[in-house]
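Two complexes, one shared chain (subunit A), two partners (subunit B, subunit C).
So, the complex of A and B:
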């Protein structure tokens, strides 16, 4: 197999891998700014220079020429080469800053140059703390600067569009943002204007940077030139914990990080997953977090009266116990996890009621064949695989005919969905698990059980392509130890958190419960034990008992999720 | 006749070819009456001229690119990949002449545009391509208008377009007007500009012959290079090879500017003595002053001190030995009163202004160079600035996508190297004015 020697270490390779990507994949850091694996390599930042040599070939024999010791004679390129544009060939010898003083010097020089016109306003820059320029300047840059002149002045705080703010002075002209709009989103809404050291990205005349994926340029910007108008100045990066999860604004299950400070979601950023969303996330899903922070109910209620959880469970159980099972309607949810929907199905079955249905949330024309889908709910596929049927018009007819005594709603809003009106529900006893006080079915609720949102629970969503993925609790809730639910010690999965961080403060704790806590609590009061040690074990049972989930364990899903077909689940 | 001096033979009796003494030669009728389009007719109608034969004739002539890099033209043409049915290929004539001190292509575009067209058509035939672009810097607006008129005449006469002269060979020619950026003269940047993109140089490889205009095989030649081609066909490669310096032959346009009595563009063979050019051709130094320095081939080529040019001839080898380059043969002549710091300040300003900003070392370095040189020129420099300048040159040279960073760094490196005492004097003067004891500083 062909091989390459990097800093004296030999690696085998297949095909024609790019040198920089190859180094990064093998844990050999090479500083870089403009290179991004999903986009073309313009080699403009000049940071990833390395010394490259190839074996000298004998023209006649077409074999590498050997020296006296029998080693191939290596001919080095006369100039240092950008590793981002270099393809690895057999026998190549590469010297990075780890083994070449010339390379180390070149990288240091380049950082000195990058910094001469870059404002050193890190203390007020949102990028500080996770800034590639800051980090690499510390690691590879010079001490101090020899630049004694006024820096170039460029436009600052320029809104490029509704979501993205430009600080031209911080820009280092890597053109990642421009390449994103030309090569990835193809909106062509950004270009570089001016010339030379005055260059900065801008929209063409008369154009607003308002494409549905505009905020991705914020993540790929290697400095603080492009910041989010929504979240800038709200929290420093080291004040937040980030939790790997998925978004719930569509059916694609885009992988994301939820960033939390003081138990409030501050922002949502994409998490790399080549089989789901690569590196990207639509703007609408980044901005769809205020519902996790705002309009949250405080504790359960019976009627309009606040109560404690035990009383609320008792009330819900007694409503169910007293009702004729054929006159009880259970409604699941494409917003709820597979586990919670499964428990609801078990509860309905244990009472002998009809199986729960779910409400589809299709918005024709919303999808774009990329990361946005017509389906605005995250788990329709999961509901279907559980065997749940979409709720039809029959509910209204049954309500009008007076055939329903109890309506049990899990994390849904049938009134807002147009399936029922509050008038129709006036004579129906409604048990409602809901996230927000904006839920329009809430006024009709007889027993109200505040539900944990996707950022506060553990569970599984199945995207529209059958990719099962886990969600993890990003925020803590009252009465639930988040770190226990993380299944890892301390805050390891948080990456930025520490044992002393703000998880332990009491601010903004919502008094709510995930379905996998509240549904068993109701069930046990009806004499039906649902004894699970946690959602993981619920999923085990689902995987064992339902063919469409065969093999779908938490272990199989891991961080990146799993295509259910690939683990043997029935399609 | 015996060679009088240098390698150029008797340049005094040289008869101009590229810019002949013919009135209104820029007009099609006059050009035709003086043998214009004869070479094109010859290669299209005479069976001995297949495309390879044309390329070989150009190879035989020893013609080297006149745009600055001096790459052998025939060899460049032969880099074009084999013709593939349905895959377009292009020629581009680079008329984005913008290196300070260089103004010779303008002369051709103004006085002999049809030789450029004819050369482009012959090259198109030699490389079997059916479309060529003539990219001219936008500042040459008047000549562009005029050339468009002349090109239309050539189209009407059947010299350009479909089925040229009934030979079955078709080739379109499009004049494209640049928008005023030095970087567009860099060939890959020119291609981007031509495509309507931002004029950022492209990463090489792939080279233009592999992936050029619109992603297709492309060859890019300088105006003067292509204008020489019809004369090579007419007079034979041997004639060209026998003119001027052996290894860098042919007639060449010298653009002489600066402190000389008769600045201008002069056509003579290569290999002329630099001193002949300055003292004979250009009439010597203005006001009878002494020569101080010469930049031989456009502002980016290293400056030579007066004491370095004795016996130096205008060809690649001799100039390399002398410590400079042929470049575009646009010669800047400076007399003894020239302030070399001010000279360098102007040069650094140019490259700062014209750096496209794509690569870090050039974008940031060109401005920094200008900052420091300006500070020295204004009498506020420090002696340590000189080492910093040279250090910055090392930070820029060879570390960018195109050669602009090198072009910006060389004048700094060599002007300081060759006139260091002048720079030091200015820095010392600043110390004096700031009241620092010089004896203490030097100790």
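So, the complex of A and C:
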């Protein structure tokens, strides 16, 4: 197999890998700015320079020339090469900054050039703390600048569009944002204008940078030139903890990080997952976090009166116990996890009631065959795999005919969905698990059980392509912390437990419970034991008992999720 | 004042400019469309033809406001943003209305050390305008440009994307302005190397009358 020697270490390779990507994949850091694995390599930042040589070939024998010691003679390129555009060939010898003083010097000088007109306003820059330019200037840069003239003043705080703010002075013209709009989103809304020291990215006149994926340029910007108008100046990166999870604004299950400060979600950024969303996330799913912070209920209630959890469970259980099972309607949810819907199905079955249905949330024309889908709920596929049927018009008919005594709603809003009106529900006892006080069924609720949202629970969502993924608690709720859930380690290395992590902060704790806590609490009061040690074991049971989830254990899903048919689940 | 080194400010272009031409004028004729289609054929991708299409548009409309750039981009079949980036890169494309004669004074390295800035400032004083501006009578515009590839005859300037004026002195600038005011055009000058003058009998081109020899006098002599 062909091999390459990088800093004295020999690696075997297949195909024609790019040198920079190969180094990064083998844990060898090479500083770079403009290179991004999903886009073309323009080699314009000049930061990834390395010294590259290839074996000298004898023209007649077509064999490598050997020196006296029998080693191949390596002929180095006369100048340093950009590793992002260099293809690895057999016998290639590469010297990075770790083994070549020339490379180290070149990288240092290049950073000095990049920083000539950079404002160095890190103390007020949102990118500070996770800024490739800042990090690399510390690691590889010069100790000072020899440039003692006034820096070029470029346009600052220019809104390129509704979501993205430009600071032209911070830009190093890597063109990642321009390449994103030409190669990835193909909106063609950005370009580099002017030339020389005057250039910076801009929309052409008359164009607004308003494409539905515009905020991705904020993530890929290696400096603070492009920042989010929504979250800038709200929190420094080191004040937040981040949790790997998935978004719930659509059916694609885009992988994301939820960033938390003081138990409030501050922003949502994409998390790489080649089989779901690669590196990208649509704007709508980044801005869809306020519902986790705002309009949250104060606690469980019976009627309109606030109560404690035990009393609320007792009230729910007694409503169900007193009712005729054939006159009880259970409603699951495409917003709730597979585990919670499964427990609801078990609860309904144990009472002898009809199987729960779910409400589909299809918005025709919303999807774009990429990361946005017509389906605006995260777990419709999961509901269908559990065997749940979509709720039809029959509910309204049954309500009008007076055939329903108790309506049990798990994390749904039948009134907002148009399946029932509060008048129709006036004579029905409604038990409602809900996320927000904006839930329109809430006025009709007899027992109100605040539900944990996706950022406060543990569970599984199945995206529209059958990719099962776990969600993890990003923020704490009252009465339960993450370590109790046994889901998150306490070590620092997992990016959660920093000293600045606000898990120990008592502020903004919402008094709610995940379905896998509240549903068993109701069930046990009805004499049906649901004795699970946690959602992980619920999922084990689902994987064991339902063919469509065969093999879908937490271990199989891991961080990247799993395509259900790949682990043997029935389609 | 207009010196970028002393006052390095990059202005933001107008982001939502009013249309520069009425919609009825903002069209290419069939002949121009055919010409652009022929340009597109010449390149591996359509984008390559934008340079020529912009040139054609500039000759037709006089300058390249955003709506003309957009028209050219659409005719070529490439993204408007990319075409706009191309148009702003080159000083030869005029993004605003220019005078009848555009004087592109080179202040890049070679011209700068041979007195490019002196020539620029002399011209500015003479015409009473700063670079980037146009005289009130609409006759002259001055631009400071980067290297035009005539370092051997520095300092130099270019007249309206046309002929070069080599080995500038203040006298030569005066003569140039007088000639242009009188409606004469500055002739194309063939500049040859000194050794060609001696060994090869001067100008080797036979199709031009104006000739000049490269000279490298000390800067103090160049600037009168």
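Observations, loosely collected:
One rule holds in what follows: the second predicted complex is superposed on the first by the 560 of 571 C-alpha atoms of A that agree within 3 Å, B and C clash if a C-alpha of one lies under 4 Å from a C-alpha of the other, contacts with A are read in each partner's own complex, and residues count from 1 in each chain.
As a working rule, a residue touches a chain if its C-beta (ideal position, glycine included) is under 8 Å from a C-beta of that chain, and two chains touch if they have at least 3 such contacts.
Small disclaimer: the values here were computed from a predicted structure and weren't measured.
For the composite obtained by overlaying on subunit A, subunit B and subunit C cannot both be accommodated without a clash. When both complexes are overlaid on chain A, the residue A:47 reaches subunit B alone and has no touch with subunit C.
Contacts of A:152 after superposition: both subunit B and subunit C are touched.
In the overlay built on the shared chain, the residue A:189 is in contact with subunit C alone; subunit B does not reach it.
Contacts of A:365 after superposition on the shared chain: neither subunit B nor subunit C is touched. Touch criterion met: A:116 reaches subunit B, while subunit C stays clear of it. Judged by the touch definition given at the top, the superposed model places A:203 against subunit C, while subunit B stays out of reach. When both complexes are overlaid on chain A, the residue A:168 reaches subunit C alone and has no touch with subunit B. In the superposition on chain A, contact is made by A:79 with subunit B only, not with subunit C. Applying the stated touch rule to the two superposed structures, the overlap between the subunit B and subunit C interfaces on subunit A comprises residues 149, 152, 191-192, 194-198.
On subunit B, the positions that touch subunit A within their shared complex are 181, 198, 200, 203, 352-361, 363-368, 371, 375, 388, 394-395, 398-401. Those residues of subunit C that touch subunit A in the shared complex are 5-17, 66-67, 69-70, 79-85, 88-90, 146. Note for the complex: subunit A touches subunit B at residues 41-47, 49, 78-80, 82, 85, 106, 109-110, 112-114, 116-117, 146-147, 149, 152, 172-173, 191-192, 194-199.
Of all the residues in subunit A, the ones that touch subunit C in their complex are 149-155, 158, 168, 181-182, 188-198, 200, 202-207.
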